[in-house]
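These notes open a run of structures that come right after.
Shared chain: chain A. Partners: chain B in the first complex, chain C in the second.
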Partner chain A sequence: MKQQKTSLLRNNAVQTLLASLLCILLGLLIGYIALLLINPAGASEAITTIIKNFMTYSKPATQLKNLGNTLVKTAPLLMCSLSVLFAYKAGLFNIGAAGQYVVGAGAGLYCALAWQLPWYLCLLASILAGAALGAVSGLLKAYCNVNEVISCIMLNWISLYAVNTLLNLVKEETSPYTLNLLNTSPGSALPSLGLGALFSGNKYVTIAIPLSVLVAVAVWVLLEKTKLGYELKATGCNKFAAQYCGMQEKKNTILTMAIAGGLAGMGAALLFLTGFEQWQCTQSSVPGMGFNGIAAAFLGGLNPLGTILSSYFIQHITNGGAYVDKTMYSAQISDFISALIIYLCGFVLFFKFTLNRWLDRRDEKRTKAAQADPQKGGMAE
Partner chain B sequence: MEQTYAIEMLNITKRFPGIVANDNITLQLKKGEIHALLGENGAGKSTLMSVLFGLYQPEEGVIKKDGQAVQIRDPNDANALGIGMVHQHFKLVECFSVLDNIIMGVEPCKHGFLQKGEAREKVIALSEKYGLHVDPDALVEDITVGMQQRTEILKMLYRDNEILIFDEPTAVLTPQEIEELMQIMRNLAAEGKSILFISHKLNEIMSVADRCTVLRKGRYIGTVSIQDTNQKELSRMMVGRDVEFVVHKEPAKPGKTILEVEGMTVASKAHSNNAVKNVSFTVRAGEIVCIAGIDGNGQTELVYGLTGLEPLKGGKIMLEGQDITDASIRKRSTMGMSHIPEDRHKHGLVLDYTLEDNMVLQRYFEPEFVSKAGFLKRKAIRDYAARLIDQYDVRSGQGPITVARSMSGGNQQKAIVAREIDKDPELLIAVQPTRGLDVGAIEYIHKQIVAQRDAGKGVLLVSLELDEVMALSDRILVMYEGEIVGQLDPKTTTVEELGLYMAGAKREGA
Partner chain C sequence: MILLLQYMLIFASVLMLVALGGCFSEHSGVINIGLEGIMVMGALGGALMMKFLPAGVPAVAIILLVVLASILLGMLYSLLLAVAAINFKADQTLVGTAMNLLGTAAATVFVKAMNTAEDVDNVSSIIQYIGPKRAFLVNIGSFEFNWFMLLALIALVVSYVTLYKTRFGLRLMACGEHPQAADSVGINVYRMRYAGVLISGMLGGLGGIVYITAGVSEWKFENGVAGFGFLALAVMIFGQWKPSRIALAALLFGFFRALGNVYTGFDFLKAMNLPAAVYNMLPYIISLVVLAFTSKKSRAPKAEGIPYDKGQR
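Up next, the complex of A and B:
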């Protein structure tokens, strides 16, 4: 009965990490090949530019400032991926993170620009708006058995045009964009608490970044350590068993979607309340942030802490793409490369499966060898 | 004697990391015989069959077909050698017809168009030859489980398989269907097919098999001729010790009324009639009341109504004098109702949860396991699970942290029984508590149920197995078409009389 030391490769977290890294490498490789096909001359330079992102600048101060920009956009992506992940753990596919993000942006910006409310109330409004929209999908699922994917997709579009209409009331007269937040209502902007100074005075770096990381930790704690997490996951894994043991599975479904929606709505606040972007009231496609959240959630191995890294990575290459020489490649090239990597994220599970198969074979060979060799030791009993 | 074996598996050894699933096992199947493969859950039967079917490659040993060594690398090889299998869980496309399911994979085609006419004739001919009575044009979703199984059998026959493997085929059947299946198997063997019959039901093996090979914990115990053996010997070979078939229990000493049901009516999901019609009965402390009946006569809905999984259409339920007709499931549970559900995978377990998380499924909200702030007390849960595992002998790979899905059916059931009994209920509702289990586990669970009764609890047992009904109950209520048609005393009644009530041929007061 000796305790066999299990291989480190058997560890689930290690496996996920390895698989994710492998996906990233493959994505970059295929991206590189695509770049070669489009324009061989600039491929190497372009791919290194994408990977280097802010490192392309030589001055450390500029590097820091641009790292700050990447981080500013990482925070909302992280929130969206947490939203997707949270619902997924409870057995629901929240493709509506995009729409919840949109209504979060609408509510937060309207509170800020129309009523000049303080930042925490704007943040709260975003969370509540996202949660309410999520709850709608949850209600439909719980009481009318409407598949959440269908209702979410439809709500995404309803949200987009509703928010466009709403924010039209607070837009600049000469452009399709909403009023500048920092000029119109400085009190509604998220406080920096001196974080901006750390990034060479990047005024968009605010508490949003540490806040999103804190929420990731909180989501992990909620799912793994609490009674609520236990119930929600049980409902997601087997709603009949949840019902059998007296959990209120309908309530849990609605609650799950509301929390997921709140997370996505908060994500929007963490971006738009920094003033980094203004809402374009004429946009006719749902912002990709919510959809990228799906990719970040899977690349992060569906672990809240893993998504911190995966969200950063996806944002890193997306931002890096902006530096690619536009005379050689079209502007969409960065989206293209990140899309490739995101697409390959779907293979994380496949790689894990292959790795396990390989480990099984190796172990089998080893036991065989071990039994063939010191046979006498085993026969002694 | 040579050359009479249709299939020989000689000295098969199959190892998995950390476990030898098959250790030097030999199985020889004669032409035209029904050969039973007997063993407890986890004895290595499935692994051995997977080796034969090409799903696993053995490390050692040879497989011979008609005396020739063969290599079976995948199920296609197995099929080419004439080996077919009826899996425990059928592999049928529900929305296809019987015929479409049978020809799937070997569709007769001409220029890319299906030629079903010939196939249809062949299926009908086969169906008549072996007495299968299957309608080739019925949709699989519309036919009974027994018919679905016959579709699986026809699938093998259509492919001209000579060696037919039946993996626990009776687990899903009613007593009548089992009898019919036995007859079909005899017909097949008489026509020269060789049958491997995997089972742990001794009476079925005794009635249908010619020879029996017994496995225990991955090892080959022996092959016996059914003529020269008996149930006692087989069970001793299987479990490794003597098993008591008779449940020892003192006469019941019924006390106060625990459960009182009055005029209970539950709607049916399948049809517009009520599934349970105006049913009244009581369960007292210290007695085992058994609901007997053929599957589908309203037992499931009766239990759903009692436990709160379905709302009542009419009637009243009292638990220890309190009206619980409209109480929530959680309320009923905390008031002292335990429920061992009929379907352990659907209701009983969260399969993707660990064993320890499943062990507290009915108690996780109690202060013992959760803090006021809503955080789970992981250590308390681990300790509690470890105690139950130890006390109720639940076996698993990694103890409390084993994922429930990876456990054997018997141990999953033991875990549920442990959880529900340790809750210290006033009323234990056990539905088919021993379905699909081997004799060792059945004996154990029966003892636990009797122990509950002797501890002064009320027990309501719902069972389709007549042996179980007769062995355990203090009072039998027979359900037929949603009504209780008779109340019998197991000491004075016979299985035959019980059968008449169950079939609706006899009823009290009518």
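Up next, the complex of A and C:
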């Protein structure tokens, strides 16, 4: 019985899961303390509101509809976190997912609103735009040795201003928002295939949600089961060794960033082509979706399938934050909690290391106790 | 023209302070991507001090107290990076990114809570500091001299002397180049790295308050510091981790950033009729181009970003 427990704790997936749960718990706990400090009266209620999200509604139909809303925003988040994860596996830190998401939104929305192209072309445009921006970072990294983190950040801001200017051409006359997608170009909206009916007629629930899950599986297959994935990971581990083995490390770097960019760009299409949100052309900061993607990727233990769960969780608390009592707290409290969770994810490695050392010591003591006469055998426990 | 010079100098001061901060941290071997978050925290400290100082405090005291508050909060916040990166060997890029997000989120939550507590209808994340801000300004003709410019200059000279002429600075740099070797001659690598990160917190925090007081007299904390921390990192790389070159790089970047604020004052620029977005993008584009040309022969500290492990060969 105990032997079995040891082997279970040694399992990497179990350790990751434990670590992630610990991050979540600690993040929520610190968030709760922050709420208590701001205003002790409503703190417990606020934190339960954040955790409950759509379940704060009493009617099942409304609950279902709001679950749909959360899922609609989970799809782009999942794509962004896959983008971060994919690049990270190949040794690159894609903080530019935010910018790639922005250009994806720009390209997709412009194709839809200005030219009324069908949805699959708009989707393609988003993917290509994101991939192109990712490739720029990759090129700079491969040929000019520019740290991808810095170049990505610069590109984030450049793309924000560029997209604001571009989408200014297709905005509503009286507001800073882009034209309503469903009215202007219904053919550009992602098809629902009857999925909306499942969520009490939520018209924003489209194929985007199953599509993003499929992509997560595809990324997993690509990374774990193909030669390309192996090469990309090898380049990430040690680019000199990869080069020595005959892999083209420059090409791999660029390709990695292009694929990562494409994933983030597609994420934007999966949100904006549902018509759920309109782009605000006066936006002065890069949308948080890409940055939350980092949180989801690390919280998911850098596993494509784990990120499905973690993306949902992050989006769940982000949406939940919108329901807190605005007279006491701000909606940013959920940003605060997810930022805390990312910070805590930095300690995962240490957690695993400590856990493994503890297990090693326990085993050692046990074998010693078994070999010699067990005088202090019980001490290990 | 004078306005351009004024903005250029103040933005250059911000970039110089923050880049020097990054320089200390990286020379000790810790990559500090979290400068942006540190700036926000420093700005928050300074802004709060300005908000709550009673009227009638002499200008010198205002300056000292505001600077002190910014530095203190910046250093406290940088401890998050120091603890995670030095004691717990965490991924420095990840922790830095988290700090950037956390800085803006925490500042927004805090300021909003404070504003709503004062007035239930006020849900903004704005702090105003019109009055106390005047303490920092001295008018010389039409040129508005800001004491922060002098402060940045002092920081530059002190950084140069500290890094190259003192035992502490040379030891700090040794820890970023080859920590094992430094340890073998009795230098405490962990302590040096703590010092490096804390100094970056100090200068970053100071840079934060300079940035938010640069052009405006109120600040919306939801916006963070608009990528200035990263711009400072670009300045640092362009400056090849050397204080003197960082100063020149900061002036160059400050110029392009200032252009965005004052380009309408130049007839030939106005005549070109470019959208404002172009000027907003300019500093970022320039820094990308510059980085593309200078990163090839980068002289980054050799051991930066690698957690120090005593037992490693």
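Observations on the structure shown:
Convention: the second predicted complex is superposed on the first by the 364 of 381 C-alpha atoms of A that agree within 3 Å, B and C clash if a C-alpha of one lies under 4 Å from a C-alpha of the other, contacts with A are read in each partner's own complex, and residues count from 1 in each chain.
We take it that a residue touches a chain if its C-beta (ideal position, glycine included) is under 8 Å from a C-beta of that chain, and two chains touch if they have at least 3 such contacts.
Because the structure is predicted, anything quoted here is derived from the model rather than measured.
Using the contact criterion defined above for the overlaid structures, shared-chain residue A:Y120 touches neither chain B nor chain C, since it reaches no partner.
In the overlay built on the shared chain, the residue A:F240 is in contact with chain B alone; chain C does not reach it. Of the two partners chain B and chain C, more chain A residues are in touch with C. Using the contact criterion defined above for the overlaid structures, shared-chain residue A:K227 touches chain B, although it does not reach chain C. In the superposition on chain A, contact of A:W358 is made with neither chain B nor chain C. Chain contact summary for the complex, chain B toward chain A: residues 15-18, 59, 307, 309, 328-333, 339, 341, 346-353, 357, 361-362, 364-365, 370, 374-376, 378. Residues of chain A touching chain C in their complex: 34, 38-39, 93, 95, 140, 144-147, 149-151, 153-158, 161-162, 164-165, 284-285, 288, 291, 294-295, 298, 326-330, 332-333, 335-336, 338-340, 342-343, 345-347, 349-350.
Within the complex formed with chain A, the chain C residues making contact are 33, 80, 84, 88-91, 93-95, 97-99, 101-102, 104-106, 108-110, 112-113, 116-117, 120, 123, 125, 222-224, 226-227, 230, 233-234, 237, 275, 277-278, 280-281, 284-285, 287-288, 291-293, 295-296, 298. Across the complex, chain A meets chain B through its residues 4, 225-228, 230, 233-234, 237-238, 240-247, 360, 363-364, 367-368.
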